[in-house]
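All remarks here apply to the structure that follows.
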Amino acid sequence: MKKVEIVVESIHLNKVLEILERVGVSGYTVIRDVLGKGERGIMAGDELTDVFKNSYVFAVCSEDMADKIAESIKPILKKLGGVCLMSDVMWVKH
Amino acid sequence: MAFDLVLQNILNPPILMFLLGLFAALMRTELDIPQPLPKLFSLYLLIAIGLQGGHKLAKSGITPEVLKILVLAMFMATLVPIYAFFILRLKLDVYNAVAISATYGSISAVTFITAGDFLHKLGESYGGYMVAAMTLMESPAIIIGLIMLSLFAKRENNTPLDWKELLKEAFLNPSVYLLLGTLLVGFVVGEKGWVAVQPVFGDLFRGMLAFFLLDMGIVAGRRLGDIRKVGIFLVAFGILLPIFNALFSILLAKFFGLQKGDAFMYAILCASASYIAVPAAMRMSVPEANPSLYVTMSLAITFPFNISLGIPLYYFFINHLWG
Amino acid sequence: MAFDLVLQNILNPPILMFLLGLFAALMRTELDIPQPLPKLFSLYLLIAIGLQGGHKLAKSGITPEVLKILVLAMFMATLVPIYAFFILRLKLDVYNAVAISATYGSISAVTFITAGDFLHKLGESYGGYMVAAMTLMESPAIIIGLIMLSLFAKRENNTPLDWKELLKEAFLNPSVYLLLGTLLVGFVVGEKGWVAVQPVFGDLFRGMLAFFLLDMGIVAGRRLGDIRKVGIFLVAFGILLPIFNALFSILLAKFFGLQKGDAFMYAILCASASYIAVPAAMRMSVPEANPSLYVTMSLAITFPFNISLGIPLYYFFINHLWG
Amino acid sequence: MKKVEIVVESIHLNKVLEILERVGVSGYTVIRDVLGKGERGIMAGDELTDVFKNSYVFAVCSEDMADKIAESIKPILKKLGGVCLMSDVMWVKH
Amino acid sequence: MAFDLVLQNILNPPILMFLLGLFAALMRTELDIPQPLPKLFSLYLLIAIGLQGGHKLAKSGITPEVLKILVLAMFMATLVPIYAFFILRLKLDVYNAVAISATYGSISAVTFITAGDFLHKLGESYGGYMVAAMTLMESPAIIIGLIMLSLFAKRENNTPLDWKELLKEAFLNPSVYLLLGTLLVGFVVGEKGWVAVQPVFGDLFRGMLAFFLLDMGIVAGRRLGDIRKVGIFLVAFGILLPIFNALFSILLAKFFGLQKGDAFMYAILCASASYIAVPAAMRMSVPEANPSLYVTMSLAITFPFNISLGIPLYYFFINHLWG
Amino acid sequence: MKKVEIVVESIHLNKVLEILERVGVSGYTVIRDVLGKGERGIMAGDELTDVFKNSYVFAVCSEDMADKIAESIKPILKKLGGVCLMSDVMWVKH
């Protein structure tokens, strides 16, 4: 299985989740209020206005789906910044 | 005399607490008021101002005078973002011009509240309907901004604006909703209802404002460093436009015969800029614009200017005209 | 007359704030009171009600009348989850029947507090020992529920219940502990001690309740959508069982000669359902039950019903019987 | 070394940590208040009642231990839901 | 008579709430006051004590008497960590001796506030300048500790101390900054300014203290289990050193003719140990020292001892000497 | 690409970020207030004094940089505790 990890500005989190839903992953996990630094500068959180905060999402899915996610997410990353990572992982099924 | 007013404004616990927060950030102490405490204070202030306004409005009633003020409020909320946009286009691209003009077309509730506290200290007052005027003025700038955007910007992938999402963002944003809602609650509960909540939403008001402004000072202080990135044109804009808006609205108010306290609060609304509702809408709908510009301008330039020098300055003009 | 009571109950800041929160969620504004602010409010309310109750109890003393009420409280806290269980078994599996019956056997402190505010507004009052009755009624339903479970359920891997963990969960859960503890503190500090904390735990009480109910409204509103999943049987159960419990307890109270205010608060306790303590215990001990059922029922059906229509309804009956 | 990642409803976190302790891992890291979606629906957090919240745990350990964890965790996943992932990782030792 | 004082101290809402929190942790209830609520309370208390102190100071003026007290404060803040260090070196390595002696050389604002509440209840009072003395006493111990470190420790990789970082940590730490700043604000706003914020920073003070001490009790209770790890020597140190510091400072205060209330608060400052500012500095600058030692000692031994038995004990001595 | 993951006591987070900056990674992501257990005992957070809390950082970078990070971080891990992990990951570039 593939683990797809995405970091995106919190305000645009919904767009990422929509992609995951559309591709049909069986589930995902979200960590809100993640900080970071990247091309678009430091995202250290601004308490009052709530700008400059990221969210971190990961979803485990088949290689197939992972590729589809990668395809759909590229334009979003281009417009809104963020990163998308893929790696191999074994899912322990009960 | 004007200097006297400045001093009288500054030697007030809320303003001093703001300065205390500002210096804390500038001197890099680690003083910090973490979320969601600032949220608690801002929710509190919105609810308190709404309930108080509604309670006052119930006493005064909804008169033609009130309707006149609401129309004047809508007028400036529509006009300001338009002329702000064309001024900004002299130097900026469409996206940033849209975001900044929307920011200045809207209002800052905390500036309004601080100005109300200043009036209160001078023994003067304003009508409860001014809170209604404030809520009316929060959102139009967002709509105007996005109309400007669809008129003047060439959207890359031609994604059309999501108008539904947008109108919701504009008219159901939390602070508009909360102000309107509590205005209504304050209006209908009557004297007995108000007395029940007054120990929290009345008596604590000025102390809570002081507490919250400590935090506003810290946040503004942290953003001060970004002013260099903003550039001299936008810094000047962040001070001169509010003054212009205030003077313009004062003349309007005089022309239409508003009362002194109301005219002052009206000027404050026109002069202030949004740093919560509009930035949130802009980051969603105009991600091409740079939030370090519009958030910094509104929070680290216009807000501190307004509450320290703007308030006595506008009051000084009004004092002259109304005597 | 009954309609009058409803209006008088609704035109109260706390209830109006609840409705404001409810509509905020229904209209999908992003109004939100993030954790741990709701926790601050609920801790505050528990402490305040405990201290007030203890202070009142110290004045009135612990009389036979008080003991009678405590016994009546225990009686209903044991009986309700039993008959609720058998009614629920008509349609549900054992696990969900256990969880829901335990939820309705326990109480909701905020319903109690809101009802107290309603009484207060009518110029009536209740004894401080009713707070002691409330704490007694929180936990028995958990125990009863788990006895039902071990009697009627075939546990898959035959894991025996962890009774120690469970009794701890039932009797040392934070709200029981805090209520009992502050009741004791209020009891022993005397008049001077109470005066020291009254500005916080007395004067602010009704405003804080209004603030907290705004949040309860938002949370209940978000859960409203889940009502469809709950099904007509459980929706009816969530309204009819509280009414039945209230009427039953009112008759008991009349029979045993309780005072009017005490009888009303007693009925409220029997009619209300838990949405914090019991759900937490059930998720731990009966993970097979579906929390979307019992949390939604208690929070989005019974709680709103009780504080809007239930309070005036139960009061209406009591008014008839006590005159 | 293996990295074992587990997402579980927060209220049952202790059961997972007990397993890790029993197997004898040298350490673990926990992120509380993680949101997610899976078989059992959306876990978006409920402010008041504190239901519907996940925790995320990871532990780095030998392949051997990882297998033991997988074994012990299966019945828990079955009863309580959640996911358990394994992947290869290099531990930089000082 | 001494027992009377203990009782009078304990039967006070703040102390009882502390005990309530302590037992909650010991009985492993899940009662919890999550961050940032404790932060809200501690910010509130610091601001309130600063504003009150400044307001009192403005009334009394800055007299030679005040300057004398400030010098005495600095004297003890420098002396205590030195002799504490040499006592601790009898059993501990340099790193832990530095961290613990710095902890005890500094002060605890909450102990100070609780003692002030005790005085208040007895109908006595202290000068506003004592708050200034408190802020002066927070930081010297950090500097002394690090001087000790550079004199006596062989740093492994010979990294020199970052003195700039350190002085900043010592003198711009948030609580020192906030106390000094609000002292100044309280000093300059005058009567009218104080009245505006008094409903929050005056009237609520004692209730908020009670609320916060509930949390302190929980945290102290959770650390109680670590006392075993601390060892008998350090437990004794955590009780005897405060008593010694208090007696020593009481004699100093008598010798220099301080007033009764001021002498009492001075003794409290010398007897109390830091659990926020100094631990933070030590974890940064002396990571070799074990925080489970110095945090546990200050929070689970000295703090509970001081607020329960220390306060009446020191007062008992002072009563004898001042009559 | 390599994913470098680091868990460190929150108070020392800045030292880790300085290393990342010095090595020249293009970005990083930080999750604050992570709990954990390791050689130095349980880090379960202490509400009042804010001791005993970890932060979790990850950075994606070239294998080269990852090695440099490993080198620079070892003395820090030795002095302050914490863990540093490396694994393979694919970066979906737009």
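We just call them A, B, C, D, E and F in the order they show up, numbering each chain from 1.
Keep this in mind: contacts are C-beta pairs under 8 Å (C-beta built on N, C-alpha and C of every residue); 3 or more make two chains touch, one makes a residue touch a chain.
Remember, it's a predicted structure, so these values are computed and weren't measured experimentally.
Chemist: Enumerate, in label order, the chains that touch subunit C and subunit E alike.
Modeler: Chains that touch both subunit C and subunit E, as defined above, are B.
Chemist: Based on CA centres, what chain would you say lies at the far end from subunit A?
Modeler: E
Chemist: For the homomeric pair subunit A and subunit D, should the interface be classed as same or different, according to whether the shared residue numbers exceed half of all numbers used?
Modeler: different
Chemist: Any idea how many Å lie between the Cα centroids of subunit C and subunit F?
Modeler: One centre to the other, that is 46 Å.
Chemist: Go ahead and note the Å separation of the Cα centroids belonging to subunit D and subunit E.
Modeler: Centre separation, subunit D to subunit E: 41 Å.
Chemist: I'd like to verify one number: the distance from the centre of subunit D to the centre of subunit F, where each centre is the average of its C-alpha atoms, in whole angstrom.
Modeler: Roughly 20 Å separates the two chain centres.
Chemist: Do you know which subunit D residues sit against two or more other chains?
Modeler: Only 31, 75, 87-88 qualify.
Chemist: Going by the touch rule set out above, which residues of subunit B reach two or more other chains?
Modeler: Within subunit B, the residues that touch at least two other chains are 33-36, 40, 204.
Chemist: Considering only which chains touch which, label the overall pattern as line, ring, star, complete or other.
Modeler: Other.
Chemist: Determine which chains touch and list them pairwise.
Modeler: Those chain pairs satisfying the definition are A-B, A-D, A-F, B-C, B-E, C-D, C-E, D-F, E-F.
Chemist: Quick check on the complex: what are the subunit F residues that touch subunit E?
Modeler: Residues 9, 11-12, 41, 46-52, 75, 79-80 of subunit F touch subunit E in their complex.
Chemist: Which of the residues in subunit A end up touching subunit F in this complex?
Modeler: Going through subunit A, the ones touching subunit F are 5, 7, 31, 34-39, 54, 56, 70, 73-75, 77-78, 83-88.
Chemist: Given the complex with subunit F, which residues does subunit E contribute to the contact?
Modeler: Listed in rising order, the residues are 33-35, 38, 157, 215-216, 219, 222-223, 275-276, 279-280, 283-284, 287, 291-292, 295, 299.
Chemist: Going by the contact rule set out above, which residues of subunit B touch subunit C in the complex?
Modeler: 35-36, 39-40, 43-44, 47, 51, 168, 172-174, 177-178, 181-182, 185, 188-190, 192-194, 196-201, 204
Chemist: Flag every residue of subunit E that touches subunit C in the complex, lowest number first.
Modeler: Its residues touching subunit C are 11-13, 16-17, 20, 23-24, 27-37, 40, 117, 121, 203-204, 206-208, 210-211, 214.
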